[in-house]
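The following block contains the structure, expressed as C-alpha cells.
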Amino acid sequence: MRIDILVSGGTFDKEYQELSGKLFFRETHVPEMLRLGRCRLDLRVRTLMMVDSLLMTMRQRRRILDACRRSPSDRIVITHGTDTMVETAKVLGRGIQDKTVVLTGAMVPYKFGSSDGMFNLGSALSFAQSLPPGVYIAMNGRCFPWSDVRKNKAKGEFEPLR
Amino acid sequence: MRIDILVSGGTFDKEYQELSGKLFFRETHVPEMLRLGRCRLDLRVRTLMMVDSLLMTMRQRRRILDACRRSPSDRIVITHGTDTMVETAKVLGRGIQDKTVVLTGAMVPYKFGSSDGMFNLGSALSFAQSLPPGVYIAMNGRCFPWSDVRKNKAKGEFEPLR
Amino acid sequence: MRIDILVSGGTFDKEYQELSGKLFFRETHVPEMLRLGRCRLDLRVRTLMMVDSLLMTMRQRRRILDACRRSPSDRIVITHGTDTMVETAKVLGRGIQDKTVVLTGAMVPYKFGSSDGMFNLGSALSFAQSLPPGVYIAMNGRCFPWSDVRKNKAKGEFEPLR
Amino acid sequence: MRIDILVSGGTFDKEYQELSGKLFFRETHVPEMLRLGRCRLDLRVRTLMMVDSLLMTMRQRRRILDACRRSPSDRIVITHGTDTMVETAKVLGRGIQDKTVVLTGAMVPYKFGSSDGMFNLGSALSFAQSLPPGVYIAMNGRCFPWSDVRKNKAKGEFEPLR
C-alpha cells in the first residue's frame, strides 16, 4: 500500500531568512521529517507548489485535485497551510470519491523548534492508512471529514461545524 | 470518545542527568508533547511505571493489562520501551478483546532534539481512534497487530513476522 | 564584578506568533538562555525596550546611553538588533569612556532552533569581562571596537571598516 | 590571529546510539557548532582524541600538551570532558608559558537540545582572543586560571579554590 504525499507549502515548510528577517519557502522539509520519524512506509513525496495558503488560487486547488486523481495511489496525504485548508478540502471532497485523502499542516514551522508538524504528519499518515475513502483534515490529533470542519481562527484550532 | 494514555517509561521519557552523565527517568514528557502537538483530544494521561523495558517484569506487564481492563475508556495508547514492546503486546493481546489498544515508543528520547517521539505519538493516537478493537504496535509510521510483529534489533525497526 | 545586561530587543528575542504567522516580541529570552548556558556570573538583566532595531529612534538610543551611564556596573552587555547595532554603538562610543560595553545580537531568533544567540551571548559576556573600557560589538565570535565595524548586509556578518 | 581548536572528546561530543540506547562518540560537532554560531574567526579544528575525560590517561594529557606546544598558533581552545578538565589544565599550566590556552566543555551533549555547549564555545573563543598568555578554564560564563579552579561535582559547576 503506497501512500502519496503531495506538498503544497504552508506554515509547515516556512523558514527564517536570516538576511531579511522574513519567513520564506525554500524546499519542503517533509523528507527530513520522515527520516526523523524513522518512517518506514512505502511513500512518494511530490512538491506541487510552495505557497502560503492565504494566497492559494482556485486554479491551484484544482491542480491539487487533479494530482490526487492522477496519483497511482489511493491513499494520499497533502501538506497545506491551515488558513484555507478547509476550502481545498471542499474542492477535493466534491471531486474525489474513491480515495482516502488526508490534509494536514502545522501552526508553527517545522524548523522553529516547537512545531506541531511531526505530530500532525504522524497523525495524517496513520489516518490515511486506516480510514475508508473520503477527504479528511487531520489536525490537533483529531480527524474531521471535509464537510464538517472549520478553523477556529481565534484559537488556532480545527473543530466540527456544530 | 476519551482516550487513555498509560505511561510505562521507555526511551521516550529518558533524560540526561548532567551530574552523572547517565540517562535516567524523571517524569513523563507526554503532557508536554501533547501541548507541543496542539493536541485537542479528550485524553487522560496516567503514569503506571517508569521503567526501561529491558527490565520490565511479567508482574509489571500484568499491571499494564489490568490497567487496560479497568480503564473506563475503550481506546488506549501505551508508551513503552521498544526492546520488549512485543512481549507486552502479546500479554495484552491475549487478555483484551473489546478495546483498541495501541503501544508506541521512541528510538531516541524526546528531550534529545532529534526524536521520533512526536511522530509516533501522533501516529498512535490516530490509530487508536480509527482501528477496530485489538492490540497493536504503532512504530515507524506503521501499525502492526500484536500477533504479527517483531523488533528488528539490527535495524532498530519494527516489521511483520513474515 | 557584576555585569549588567540591558535588553533592547532585536532578532534575538523574536518569536513566532502562531495565530497570525508573524514574528513578534513577547518577553526577553535572555534569562532562559543564561539558565541553559549554566551561567554563574553575577548578573542583572533589565529590559529597556523590545524593538526591531530598524525602527529604533535616536531618542531610544539615548535612553540606552543613559542606562549605561546610570548603571552601577562598569561591565555592560547590550542585546540589540543587528541592523542598526553599529549606529547605537557609535552613540555609546562617543558618550561613554570609563566602562566596558559590549553589544551583541543574533541573525536567527533564539526560539528557532538554529540560532547563533547562545554562542554570541557567551562571547559577549566573556569580552565584557576581559576587555578594557570601551564600546564594542561582539558578533561572529569576533569583537570590534565601535569605531571600526560595519554590518555587511549581503553576507549578514560584521567586519572591520578596512 | 589564528586560533587552534583541539578536540579531546567529553560530554560536548557525546551522541545517543539509538540501537543500544547508550551514549557514544562519533565525530566532533565543533565544526557544526561554529557554523551555527556564524563564527568568522580564522580557525583550525583538529581532533586529538575522542575520550570520556574520566578515562583520560596521563599519556593522553601529555599528547595534548605536546599538541599545544607544536601548534603554530599562540591562541588555543581545547574541548574536554569536565570531570578531569582541571587535571589536564594543571599539566598544561605547568608546561606552557607563552600561549593563551582555554579549556572548555559542556555539562550536556550538544546534540541533546538543551546544551550549554554553544554558550561555552562562544565564551572560550572570546577569552582565547582577549586574555594574556596562560592556561585557563572557561565554564559557566566565567574564566579561571588553571591554578585556581576546581569542579564542584555536587553542583556541576566550576569555582575558584577559595
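To keep things simple, chains are lettered A, B, C and D as they appear, and every chain counts its residues starting from 1.
Operating definition for what follows: contacts are C-beta pairs under 8 Å (C-beta built on N, C-alpha and C of every residue); 3 or more make two chains touch, one makes a residue touch a chain.
Because the structure is a prediction, the values reported are computed rather than measured.
When the partners of chain A are compared with those of chain C, no chain appears in both lists. Here the chain-to-chain distance from chain A to chain D, counted in touching steps, is 2. Among the other chains, B has the CA centre that is most remote from the centre of chain C. Residue numbering at the chain B/chain D interface overlaps substantially, since over half of the positions present are found in both copies.
With centres defined as mean CA coordinates, chain C is found 45 Å away from chain B.
As a whole-number value, the distance joining the C-alpha centres of chain B and chain D reads 39 Å. Here the spacing of chain C and chain D, counted between their Cα centres, is 26 Å. For chain A, the set of residues touching two or more other chains reads 107, 114, 156. Touching chain B in their complex are the following residues of chain A: 33-34, 36-41, 107, 114-116, 118-127, 129-131, 138-143, 156-157. For chain D in complex with chain B, the touching residues are 11, 14, 16, 18-19, 21, 23, 52, 107-109, 111-114, 153-154, 156.
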